[in-house]
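One structure follows; several queries about it will come next.
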Amino acid sequence: MSFGGRLSTFLVLLAVAVGAAVYAVVTFLTPNPQVVDFTGAQAVGAPVDLTVQTVGAIGFGKHPTWVSYLVKDPGGQWIHSTVWKVPAHTRINVTVEQYDSGSPLRNQQWGLVQGTTGGTASLNGTTFSVYNSYDANGVGHTFAIPTIGLNVPLVGVDPNATNTCGAAPCTTNYVHNVMRFSFTSPGPGEYPWQCFVPCGLGFLYGNGGPMSTINYMGGFLDVAA
Amino acid sequence: MTDTAPTPSAHQPAGPPSAEPRHFWRMFAIWIVLSAILDPLFYFLVGPHVPPGTMTSSAAENQLDFNILFVIALPVILAVWVYLGYSIIMWRASRKDAPEPVGGEAARTNLRVQTAWITVTSVIVLFLAGFGTYELIQNYGAGGGQGPNPIWKPTASHILPVQVIGQQWKFTYRYPTYGGFETQQLILPADTTIAFHVTSLDVIHSFWAYQLSIKADANPQVDNVAYTTTRQLGRFTVRCSELCGLWHGAMYNFGQVVPKAQFDSWARQTELTTAANTRLLPPFAWTYVPDANGAGGGYYNNTVDPYSPSEVYGARQPAS
Amino acid sequence: MTDTTTTPAYSETPEEREFELRASIGSYWTGGRLFIGMFTFLLASEAFAYFYLRSSNSGQLWRPRNVTAPTGIGWSIYAVVLVSSVLVIYGQWRMRRGSVIDWEVAGWTAVLGGLVALGLQIWQLTQLPFYPGSSGYASCFIGWAVMNIMMLFGATFWIETVLARSLRLRKVAADDGPVQLGGSPQAQIFRANVSACTYFWGFVAVASTLFWVMFYLI
Amino acid sequence: MTISAERESEVAYPDPTPPHAGGIQGWTSRPGWLSQHLGTAIVGAVAGYLIGHWLGNVIASGYNYVANSGVNAIANTGGLLLGALGWLIGIGALNYPLAKMVGMEPAPEQETTSWTRYFRYTADHKVVGLQYVIGVLLFLFTGGLLAMAIRTELLSPTSHVFGPGTYISIVSEHGTMMMMMATSAVVGPLGNWLVPIMIGARRTAFPRIEAFSFWIFSAGYLVILTALPYGGFPTGWTGYAPLQTQASGGMMSYLVGFALIGSGMMAAGFNLAVTIVNYRAPGMTWSRVPIFVWSILATCALLTLATPTLVAAGLFGILDHTAQTAFYVNEHGGSSYLWENLFWFFGHPEVYIMALPGFGIVGEILPVFTRKPLFAYKVAAAGMVGVALLSFFVWQHHLFQSGINPDMRPLFMLTTELISIPTGFIFLVGMGTLYKAKIRFEVPMLFALALFFNFLIGGVTGVFLSDVPVNVTVHGGFFVLSHFHYTIMGGLIFALFGGLYFWLPKMTGKTMNKKLGQIHFWMMFIFFNLTFFPMFIIGLLGQPRRVFEYQQNLQALNDFSSVSAFILGSSFLVFIANFAWSIFIKPTPAPPNPWNSLGLEWQTASPVPYYNFERIPVVLTDPYRYGEEGAPPVADLGEELVGAGAGPRAGTSTGETSATSAE
């Protein structure tokens, strides 16, 4: 092979390697979920309304059987995202439409409502501060931001109901619980939130799969200045 | 390979033996001066600030241990560095006066040097192992997890047991002597010997109370005990130091050492305010088996005969 | 892009040929024992798992209700493996005394035995009276079964290749006597191979005995 | 060995038939596009993967938990295992085992000079060695890119470039790839290429097992890469169960990948150990064996005996995922400690698998560039054997805080600290060799000296780690991370590059550019230390490993480390440029013995003939007789006394200095 041939062979190989690396980074390493922005939707300092739903099986995407959160963006659309951008030091009014059934908690400690305004949350209009996860249908998920001490158990629906929701986004025609609570957003930063219910069915301790994947049962509260 | 290859000229005009510098003594002098300066500098200036500080007995002892090790290690490092530096400067081929190296038996082995080397390293190493063992034992396990059957137990008359429960991805704490309430805050009394009982509800975590110098892995169904005695008031960091999954990096919180009286009132008050939840918690136990459904997460087929964990544990059996 | 090949510039003096021969025989000797060493550590890991889980007995689930893997099949596997090993060792002993045909018959019987044991082992896995994750014993048993399949496959493959080569060598080295006895380099290397293989079968017998005791007796 | 030093008079022996293929119908691989090569291996791998994946789905179709989780570990495992099998079939690794079943023997491989031999399954250990060079470098640079990603994420304590899941996947992938690579980093390329030549052998004992080791090593590379499309795995390279059992997706790539790499390690170690024991040339007594060969022999002992434990542990993990056994699940009669014990029983010898060859390389480089004999050769060899033995008895120091029996801790503290005695021998050897030497600062020598600098820091911090009270603070933090980067990267990788600069002229017949080599060295050395030294402080200040968030006050140190890491990473671009330009694009022919070494590997013809030596050499002395008057040549090569008097003083006795000097 001539000098030029060898040089171009090397350059081609180099280009292939760089291309493969870039492809890998773009495809596998940066699939960050879409950020749903709530900062511009209302007047400065006014409370932010955050409406989310939890669904037992998302029904689409790469993992259709996985349990997941969805969020209603300021335009009223249900979006499959768990990264929510909210303003700092602002009251956040959270409404959770809970479509998933429940189970006992691994650690009943997470039946305690913590860190919300007033230390309570409401289940279909009834205020409570401790929920017994061995009761009734148990707890489906908890919405918890450990670093600011927020934790709210999301009560599960009756698994034997005839109208359980099978695929997201669910509408209120299906059996569901409405949970409401408020909290004050902390200072700017990215705050991980997660669930403390072993809801990754089919994974050891129930904490694999959706529980261990961003955009299903965990995400960030992206607090903007 | 043009300028540095050895010159083939074989007949170096060998100088009189006395002209040869006494390399060993030169190096020794440099080394002893450096060591004599740097060791005290480290011990007295840096030493008191070496992590993990002096907040607890284990922290203070481990700091001392680190400093002793460093004071011994520094001269060892310096010895090698001085030697390397000296050789590189003195015996480089490009030096004009560099004599040809001499081969032969003398350059291959030197029984005295070899024996001295092995003796010195062995003595250092054995001393360090002995010293480490001494520190480990007289310090009741040095704040490390001793497993379920600790053999070096503190002799204090009052030991406060605190249970640390790791789960993905948060530590919670139970205080068995206060009705077994569970909390997310780790508050400790000052001047008290504390026994941390570390366990896990799922995968392996590691409870690392940094300033307390406590590190104990949290294994499911294992009660891993670590001791320390608090000495100073203040905040400390708790981090998970064993990779436990997605939110491992976010698995931290802050604890506080407060005066005894303040601790007591905090504990009694928390016992009252969380009473409703404490009733729902499983009875206090050193390890927990979450109920069958939660334990397997649906991974193991619990319905296949003749296997079901509930046969062994009873349904929703929380304690062992 | 054309392949260019040249004749190897290779030649050997008789001394070198002798050297290569000795090195080759030595390699079979060393390699055979090293292979046993590797398998020892593999099986030792399994034994470690067995005794570790047995002594820690997590959740009292080492062996609830003393379930045992199907004993009939288990004892049969052990018996077949043991007989095959003895045959291989006896065959080599006979071969050294000149009875080549004894060795061949014993060897082919061992191949058959190995295949039967393999089949039984796989069949046993479908007949387990317990669920794989039901206890420490159950887990360890499945681990052993897989390793046993690997070990029996290796041993059977090895003895089969040796026998196949012996058949093929029969034509080549006839004037030197049967290859199993001859003095030609091929024959010497061949016998080193047989010897290493026989050692491995002996190892298989020992390992099978140990694990048979562990899983069916205690 | 009985060949006397006196040879028969040189007669041409025209019989080209190697000794043990006489007459039987042989199996042989023929070159050509239609035969087996990398392309057919890829086809085989893809076909195997598809079949295995399909089969796994069929088998698992009735499993409840698969339906629940939406993840099928059986299909993943089946795909990966059959993919690897297809890769091996495709390259032709199974041709001979199958031919063997009908009694065939391998026909002598036809010697070829075509470049296509580098893409084939070949019995030539020199080709396998060069295949390994490329394979190991590819492995290293892929892992290095992931390290760059890690440092990018750690630029900021709170805001994130990657998600936490992706970050842990990157960390795990980086650690696993580097560990896999490092186990073969020297044994593969330099061990396979050099050891037979250094001991005067014409071949290795089991050339096809050797080739198998490379191709299964490369299959392991591909398998561990599949972890990324599978979604990564969250356990780090240590793969602690039960997190391992909980994880899905890329976890199977980790387990299968380690099993494959483990098989490759065993195969490579097996072949080289047997070769060293049996194929040493006449006169190559144990006290004349080059120190590099000693280091490889000690390494091979560890490779063959420790790795089966890893394979067993991985097998249990695979069974936990596929057959749903419960080896590592406490609630079902298993134990989370079981993995920790098995893994580290392999894992600690593995650390020395990575350290010993580096010592061996340095032991070869030092005498050449100091023109002095290797000091305390016997101590060095004994130290390597001692390290290999002791390394089986230290593994529980990884478990000091895990809740093992507390009385084990003083014991393992003692054994761990004892191992620093034989490890320290390498410093005795190095410092003794430098004494009153005449040091030439060629590029390989720079790397060798850097090893002493780096490994000293790595070794001394290892003593800190072995001390249980200090271990409480530094275990699981950046301190230990920095420690093992100092030993593995600062030791092994520096030695590897030193070795490549040293031996590539012989291996390829091309000269590497010296200037670029020096630039590479200084960038790598300075920024390696600037990258990893701050991490000791970061670790002492309380940053655990594998976290995506850390304390605000550590940002400055982390950023410093990250920026240094980027420059360290780019230093390898200099190497790639040098390698590609000097070896491949515009090659400069290298003289046969550019460093003027006395080693046997430099005395044979250049390029090295297919059978290494025209005549099997008769070794007359060890290869370190520098600066000695009247020293005999290292070996009688049967042609002429090459290498006589390469030592500068020897010129007076033989009347002539080495003809092979580059001057």
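Note that the chains are named A, B, C and D in the order they appear, and that numbering of residues resets to 1 at the start of each chain.
We take it that contacts are C-beta pairs under 8 Å (C-beta built on N, C-alpha and C of every residue); 3 or more make two chains touch, one makes a residue touch a chain.
This one's a predicted model, so the numbers in the text were calculated from it and none came from an experiment.
Chain centres defined as mean CA positions place D nearest to the mean of all protein CA atoms. Across every pairing of chains, the maximum count of C-beta contacts belongs to B-D.
Compared with subunit D, the chain whose C-alpha mean position is the greatest distance off is A. For this pair, subunit B with subunit C, the centres built from the Cα atoms lie 46 Å apart.
The distance from the centre of subunit B to the centre of subunit D, with each centre set as the mean of the Cα atoms, comes to 29 Å. Contact with two or more other chains is made by residues 192, 200-205, 207-208, 212-214 of subunit A. Taken residue by residue, subunit C touches two or more other chains at 58-59, 61, 131, 133-135, whereas all remaining positions touch fewer. Those residues of subunit B in touch with two or more other chains are numbered 202-203, 221, 245-247, 250, 289, 295-301, 309.
According to the touch criterion at the top of this document, the contacting chain pairs are A-B, A-D, B-C, B-D, C-D.
Every residue of subunit A that touches subunit D in the complex is listed here, in rising order: 3, 6-7, 10, 14, 21, 24-25, 27-33, 63-66, 189-190, 192, 200-205, 207-209, 212-214, 220.
Of all residues in subunit D, only 64-65, 68-69, 164-165, 167-168, 234-236, 238, 240, 242-243, 245-247, 324, 326, 329-332, 336-337, 370-379, 400-407, 409-410, 413-414, 417-418, 420-421, 424-425, 427-428, 431-432, 434-442, 449, 452-453, 456-457, 460, 463-464, 466-473, 475-477, 540-542, 544-551, 594-596, 624-629, 631, 647-649, 651-652, 657, 661-663 touch subunit B in the complex they form. Within the complex formed with subunit D, the subunit C residues making contact are 2-24, 26-27, 30-31, 34-35, 37-39, 41-42, 44-46, 48-49, 52-53, 56-59, 61-63, 131-140, 142-143, 146-147, 157, 160-161, 164-169, 172, 185-186, 189.
If you check the complex, the residues on subunit D that touch subunit C are 1-3, 7-8, 11-16, 18-20, 22-25, 31-32, 97, 100-105, 108, 110-114, 116, 201-202, 205-206, 266, 270, 273-275, 277-279, 282, 304-309, 311-313, 315-316, 319-320, 323-327, 329-335, 337-338, 341-342, 345, 609-611, 614-616. Those residues of subunit D whose C-beta lies close enough to touch subunit A in the complex are 64-71, 145, 149, 158-166, 169-170, 228-229, 231-232, 234, 242, 245-248, 329, 580, 584-586.
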